[in-house]
Amino acid sequence: MHSNLDLSISNLFIERSERVLCENFSCLIKAGEVARIMGENGAGKSTLLKIIAGILQPLEGKILFAGEDISFHRDMLQKHLLYLGHHAGIKSVFSVAENLKWYCPNKDIDAIEEALAIVGLAGYSDSPAHQLSAGQQRRIALARLWLTDKKIWLLDEPFTALDVKGVSVLEGKIKQHTNNGGMVILTTHQSLSDALCVKEIQLVS
Amino acid sequence: MNWIWFHKLGSPKWFFQWANKWSKFAFVIGVLMLSIGIVWGLGFAPADYQQGNSFRIIYIHVPTAILAQSCYLGLGVAGLVSLVWRMKMAPVFIKAVAPLGAVMALIALLSGAIWGKPTWGAWWVWDARLTSVLILFLLYMGVIAIQNSLDDLQLADKAVAVISVVGLINLPIIKYSVEWWNTLHQPATFSVTEAPAMPMAMWLPLLLSTLGMYGFIAAVAMWRMQTEVLIREHRSNWVKKEILDNGI
Amino acid sequence: MTYLSFFNSEVLAIFRRKQDAVNALVFFLLVITLFPLGVSPSKEFLQPAAGGIIWCAVALAILMSVEGMFKEDYNDGSLEQLVVSGLYLPVLILLKLVVQWCAVMLPLLILMPILSQMLFINWEILWVLILTLIIGSPALFLIGTIGAALTVSLRRGAVLMLLIILPFYLPVIIFSTGAIGAAQVGQPYNGQLAILAAISLMTLTLSPIMAAVSIKASVN
């Protein structure tokens, strides 16, 4: 299980709205690594994450996961994937706890309440999600990280709406996840602590 | 069978150059046949013993109706090609041909009305054929509407491909249901397509104008596609060279 | 997430949004009322026209309710999460549709006996009407879903969706009203019902896949 979760990308051609963002992009990310996609604003960092997740398709290139070619169908990767994108993905018609149950139906209410407490939303579990601020809703989405069994995490700007304490809590979780053999690929404007041993991957256009 | 030509046409550059040759040919032949057919039909073909001279509008009505239908079939096939084989030229085809098909349907409707007035005494009758063309026109307007409403090019291409394929599958059902509905509500009248044993002097100009219309529409479609190709591929070198060498 | 948990959450969501289902019903009633008020409330007009009036109103009501099926999910990002969930998207769409169908059609079917009195429909004809609704409405929902998926990224896509989808509703309306008309003059109507069933089955195979393709293209 440990070594077989490597993600290999080769010769990716990334285009968005008629602009070429990146040509001939290749990289290899191994299980247990924290990879940070570096690049300027608009360079295509979020787009790359979306391509890996399967929301977008690249014009050219190959993606291999655990030895299998997933360039056209990402199901195999998606079964092991947790994607936190630009949108929180929190439904306003549900309560906070119901939202987390939507993502992780096999977790009981105790685990959910524990996760909410860690992200600073203790006591909110029965509140309707639409009553929370945008920042709080992002933290609900982050709580998924403490409830999930998925090994591959794609996090797009996960540190937004977090204070200093929140940042260190999240960094701790990421460290714990990769120590257990998981993989984290993220983008952020935040400078990350050295303890994470981040592998930096440049997106050059 | 050698499918290389099919895949070659899928490349925008190859298509552009191919169309340069063939569009002129199609246009000339098309206009020639069309003018002969229409002038012959409108002016010289023998008058129908039942309808007199008013039936002559058939030389415009039938070709346009046939073209309207063929173009829609073309849209459906192009949609399928776009979704299954992801050919770059397929959405270009759809975008180019949809307005042409809509215009054909509109002319078919108007000429049908012109025919209807002296024949049935009304500008419009809910006969199966005319109703089908009306629905076809509305289907075209839907394709055009969705093309114009979606800004993201990739989404727009996918969307028109989906709606074209759905339309293609539904078209026989719609036609069948309209015909069935018509048999319930309308006594059997002279049907447009049933040209009963037309003498050659009558159907030959009809054939000519139909073929001519195909050629004409093919030429215009190719020109429209060429324009669209230039727009879409504006970043590539061959387009820049083409414009610098030959102007727009 | 599993298919079952998704289905349960959709049921929960519908219960939380009861107003939407009520809106569809009220809209349906309003359209029905237009005809007696706009044309004639007499039995001579309403009785033969009743099948058609109800079917036109049903078609419009279904369109209105299906139109926003994916909008909220698109806006809050949960649609995107469904795309990356690893589950088969066409099945998820179908599950969502089943819940939507129950939410809209079950109250409507319950309303039918009352409506039959308002439009002077006899009991035997009412039975045919209900049959056509049960057999034909899935097709309307399924085709409508494709339109909803295509226009989900547009802020004001409702009219566009009506425009592209209504022509595809015509066969269902024609055969349903044809069956009701045949029943009204004592003719057999099994053929029409069979065709309706065929159309519904055909759209069942086509629509979830097409809608999934459209959603994937819209979510970016």
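Think of it as A, B and C in the order they're written, each chain with its own count starting at 1.
Going forward, a residue touches a chain if its C-beta (ideal position, glycine included) is under 8 Å from a C-beta of that chain, and two chains touch if they have at least 3 such contacts.
Just so it is clear, the structure is predicted and the values come from calculations on it, not from any experiment.
Greatest Cα centroid separation from subunit B: this falls to A.
Taking the mean of all protein C-alpha atoms as the reference point, the chain centroid lying nearest to it belongs to C. One simple way to say how far apart two chains are is to compare their mean CA positions; for subunit A and subunit B this gives 49 Å.
Annotation: 32 Å between the Cα-based centres of subunit B and subunit C. Centroids of subunit A and subunit C (each the mean of its C-alpha atoms) stand 38 Å apart.
Multi-chain contact residues of subunit C, defined as those touching 2 or more other chains: 220.
Among the residues of subunit B, those touching two or more other chains are numbered 152.
The part of subunit C that touches subunit B in the complex is made up of residues 143, 146, 150-151, 153-154, 157, 160, 163-164, 166-168, 170-171, 174-175, 178, 181, 199, 202, 206, 210, 213-214, 217-218, 220.
Against subunit A, the residues of subunit C that register as touching in their complex are 1-2, 5, 9, 12-13, 16-17, 72-73, 76-78, 80-81, 83-86, 88, 216, 219-220. Remark: subunit A residues 50, 53-56, 74-75, 78-81, 83, 85-94, 98, 101-105 touch subunit C in the complex. Against subunit C, in their complex, subunit B makes its touches with residues 83, 135, 138-139, 141-143, 145-146, 149-150, 152, 154-155, 158-159, 162-163, 165-167, 169-170, 173-174, 176-178, 180-181, 184.
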